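Given below, in the form of structure tokens, are the structures.
Two complexes are shown next, each including chain A; its partner changes from chain B in the first to chain C in the second.
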Partner chain A sequence: MEQHYQHLYEMLSQVHGYIYPNEIDLQWGLLIVLYPYITGLVAGAFILASLERVFNVKVLKPTYHLALLTALSFLLVATLPLVSHLGHPERAYEIMTTPQGGSAMAIFGFVYLWYLMVVLLLEIWFDYRRDIVLWSRTTKGFKGILYKILTLGVTDLSPKTIKWDDKLGYIITLVGIPSAFILHGYVGFIFGSVKANPWWSTVLMPVIFLFSAMVSGIALVMFIYMAVSFLRKQKIDMLALDTIAKYLFYILILDFTLEGLDQIHRIYEAEESFEILELLVHGKLFITFFIFQLFLGTIIPLVSLGTLQVYKPKEKTRRLIYLASSLLVLFGVFFMRWNVVIGGQLFSKSFYGFTDYKLNLIGSEGLLMSITWVIIPFFILAFLLWLLPPWKKIHDE
Partner chain B sequence: MPPQLKTLIPLFAIFITLFLVARYFLVPVSFGDQGHYRFYSVEENKEKVMQYAGKDACTECHDDKAEELSSGMHANLSCESCHGAGMIHYENPETTNIVKPDERVFCGLCHSFNPTRKDKIAQINLDEHNIDNKCIECHNPHNPWE
Partner chain C sequence: MGISNKEQSRRRFIKSAAVAAGGLLATSLINPFNAVLFAMDKPEDPTKPWWGYAIDISKCIGCGRCANACKTENNVPREPFYFRTWIEQYTILNDGTVKVESPNGGMDGFKQPVAEEDIFKSFFVPKMCNHCSKSPCVQVCPVGATYETPDGVVLVDETYCIGCRYCVQACPYGCRYIHPEKNVVDKCTLCYHRISKGKTTACIEVCPTQARILGDLNDKNGPLVKFLKEHNCLVLKPHLNTGSKLYYNELSQEVG
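Moving on, here comes the complex of A and B:
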């Protein structure tokens, strides 16, 4: 009995005001912050790639394949934070074998599989098929065997077949854009449809998630493009970088406007939950909301990228500004997810109290586990860049 | 038909077939019979050993306590709320016994002061109220205000 009281005492020491017993411990921690963050990076990187392909923004060519490979690297890891949060990897396949059609969460397995198998893998395969066939003829050893497998036996390099690669790839990209929207809009839908939670329940949530996903994905590709060019000691294509920055700026404006609209609507409506939400953002979320998300993650990148639209300093200065902006945007969008996921669980649904979130260092829900899931995509990307280097591809133009 | 599709369509067909075959073996028998769950799990749960006997079972032998309880403020409480699960005792009354908590903190679970509690539950400050005595020395737990 004594140890129960001790545990109860510890739990109650993290509570302020009145809170229901099941609200003291947060059910969704850092791993659930990572899940929409990583999924968003995938959707954003893919949408940047489709700008080149579908909307014919040719100057983005240097980043097109990099964006696709980045999207794939992060997509392969996107489900793993969920798996480690749920804690039963041996049962993970059940989401596919016994799907529950009435549950938005349960459908994720199929949304994910569609995006992986039908969109990303196929698009990359059509894009690289000719090069894979050529590389399979000249490369020996393990890498050569890998290339031979990746050709899937389609080694025809006649102009007609290569034209088909292009056509089919184009169709896949067309299918891919709404799929990317569904993939991330869906994540926002999950939160937006929790009607008992006033911090989450808004129809704008899927749209906000989508635009912040685009912002973070574009910032990620921008950062990776600069980092890869630096590591390869190659000159950065400033025209491409300026164009990415331009799109990042435009979409950041839209994202900022939508999130602003959401908050203004909340403030103007001032429903019964408003007081507790006001206390939440001015109290427990003050640093992560106003300083990290709004000031560092949105306003500074907006001002600096906006300035570069009218005033163009030297290349070196621009590169530094782009580097800083992309990192700040990535930082800010991470805390946007944090403020949604963690923030939504910090206040009591009685609207009379708060709890605290304690992040553990180790354990399946801890900080080290989360860092692992963030680092692994970069290793996968390094492998993919070794296997399918965009700079060794044959370009038609 | 382009050669890419000649390969990809059969590949996807094989993938989908393999998935359906795997699903056939992986979905447990009786899943979906009566809803989105494994219907046999109901029978399996029924087979579990019962822990709680229920108030009627206690009354069979302890009708005096049950009557005493029914006339007081604790009338709506189940015996096992305080005495713990009693099935084992019900089945072997000679060799096993239920718990009889008598510590102050136990009563405090419901009666220590808490502003969010309903007023009709009597509340005291455990640190001030008659601290040298056990609650049950003054209050009969089966009829606290007798």
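Moving on, here comes the complex of A and C:
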């Protein structure tokens, strides 16, 4: 408590201009930046996986399962920063038992569960069922028991059943695409519908969130594919990587255009909040907005990926460019979330001043804890890749 | 000889048709001159109280007693980051610069550092929950812990609030804070524990200039309705359509 007060007294000295006295305590910190970031990675990775399945982009086959497992790893963690940020985490269940229908946030639990249980888990299960059954017959020990449990008792491997697996998996993917759109568009709506905050309140917010989610998810799968291939000392399928990079490039263009449109619209309309927002982006957000999000996270990847669409250097060079671009995009989208969540709270709703955000190193909302939330999905992914290795699956061509 | 039955019924028909047509014509003439919407939501039950509040800026002297009394009455943490009500001092300089201050929420009074000859105008604006009838905070609460009472007061059930802070983000007026000990959201209750027993709010009780007025908007002869009738009152940020029931007399356009 005393520490919190001390922190607030420190912040008091950082206030510039006038803010409402209750605004010194900044409400949503790094954990809430992670929430849209992680859900975005999930939605993006899933949409990339769906491209292969639904739109039959065969060259993406090597990344299909990897993308699904990546989506699952991150989805399992997505709610944790959110719940741990609550004032009363032990009451979190209320959001499911007594949701208030008018609240944009109330539906989150249901959207999340739908996506986790109905879409991702089912799709992965149908996709892996035959392999799990086969592995359960040949594997001994703990892993073997796990496989037996994962079969859920459905061990029928007749061609008819396998065909059904495929059919049901396909249907779930079909349902999954709009679900992924809803999952992340909805996260954007949570911010976009706050009319009190002019930095958030734009009808484009859900769309922007969706496209930046796709961009970040694709970049993540691209990075993980390269990293996993490197760790397994396997040759990277360049055709697949080139194709992913092509999608990343096109969706990045769309994302950039939408965000640009949003800003241009803001500047041209220049409503009453315009002056304070202009001061915000040129002041407190200058580095994270112009340098991190725009220049490093958008322009450089756009130019480098764009160049590769017309000029194809050697594989090694391309790989390096892809690696750098994917990391830069992930970095840029993280700061896009930062600029939305933190940026939206740095200016006063009186439009007369600014507060500041000071990130602590330790504590449940500190930097170390946040880094932990980002690292955990990679451990989950490592476990899933050990349990359900895509490279050991039977491929029927 | 009297008029035949047939003729009588015909007359009756013509008469009622004429009344209907006339009525229709009259309403069609009157209607265009009436706004089709009300300025705010209507009360749930017009026979019961519907609380509203007014602040007369011209009367506020910035003594800060209201903010002080509020903290005492409602056990609001004493640190300068938590206020259910606070006072802002606006100083508009001759060059158009707007200076706003609220040191410790105005609880210790104000000083005017600007030289008098540089001041265009200066005034105090007490702030508090607007008890909106189309309240954004009630709208966004995911579990329904923030709600509007049938008599128009926005309250928080602190045993149910999960502390997600969405309502703090949704309130355009900065009236909510997270209670540092309870870890739930806290805000002005319009001293519900007092007004439901026929008393007035703590802030009104201590105001030396009667700058604050509580009243029942359903009571057409009550003090609030009378005040609203006699003064040109405005609400804060009307474009946000929150249905605010906190009215300000002599509200200057600089007030944010």
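Basically, the second predicted complex is superposed on the first by the 383 of 397 C-alpha atoms of A that agree within 3 Å, B and C clash if a C-alpha of one lies under 4 Å from a C-alpha of the other, contacts with A are read in each partner's own complex, and residues count from 1 in each chain.
By definition in this document, contacts are C-beta pairs under 8 Å (C-beta built on N, C-alpha and C of every residue); 3 or more make two chains touch, one makes a residue touch a chain.
None of these values were measured; they are calculated from a predicted model.
Once the complexes are laid over each other on chain A, chain B and chain C cannot both fit and instead clash. When the shared chain is aligned, chain C comes close enough to touch A:Ile95, but chain B does not.
Look at A:Phe351: by the touch rule set out above, it reaches chain C but stays clear of chain B. Counted by residues of chain A touched, the larger count belongs to C, out of chain B and chain C. Legend: residue contacts after superposition of the two complexes on their common chain; A:Leu152 is shown touching chain B, with no touch to chain C. Contact with chain B, but none with chain C, is seen for A:Asp165 once the two complexes are overlaid on the shared chain. Contacts of A:Ile376 after superposition on the shared chain: neither chain B nor chain C is touched.
In the superposition on chain A, A:Asn197 makes contact with chain C only, not with chain B.
In the superposed model, A:Ala104 lies in contact with chain C only, and not with chain B. In the superposition on chain A, contact is made by A:Phe126 with chain B only, not with chain C. Within the three-chain superposition, the chain B stretch that clashes with chain C turns out to be 112-120, the only such case among 58-66, 112-120 or 130-138. Across the two superposed structures, the residue set of chain A contacted by chain B and also by chain C is 1, 5, 18, 94, 98, 100. Listed in rising order, the residues of chain C touching chain A in the complex are 79-83, 86, 88, 98, 100-102, 104-105, 127, 136, 138-144, 160-166, 168-178, 180-185, 240, 256. Contacts from chain A toward chain B in the complex involve residues 1, 5, 18, 93-94, 96-98, 100, 117, 122, 126, 129, 152-154, 156, 161, 164-165, 168. Contacts from chain A toward chain C in the complex involve residues 1, 4-5, 8, 12, 17-25, 27-28, 85-89, 91-92, 94-95, 98-100, 102-106, 108, 190, 194-197, 344-345, 348-353. The residues of chain B lying in touch with chain A in their complex are 2-8, 11-12, 15, 19, 22-23, 26-27, 31-32, 36, 103, 105-106, 116.
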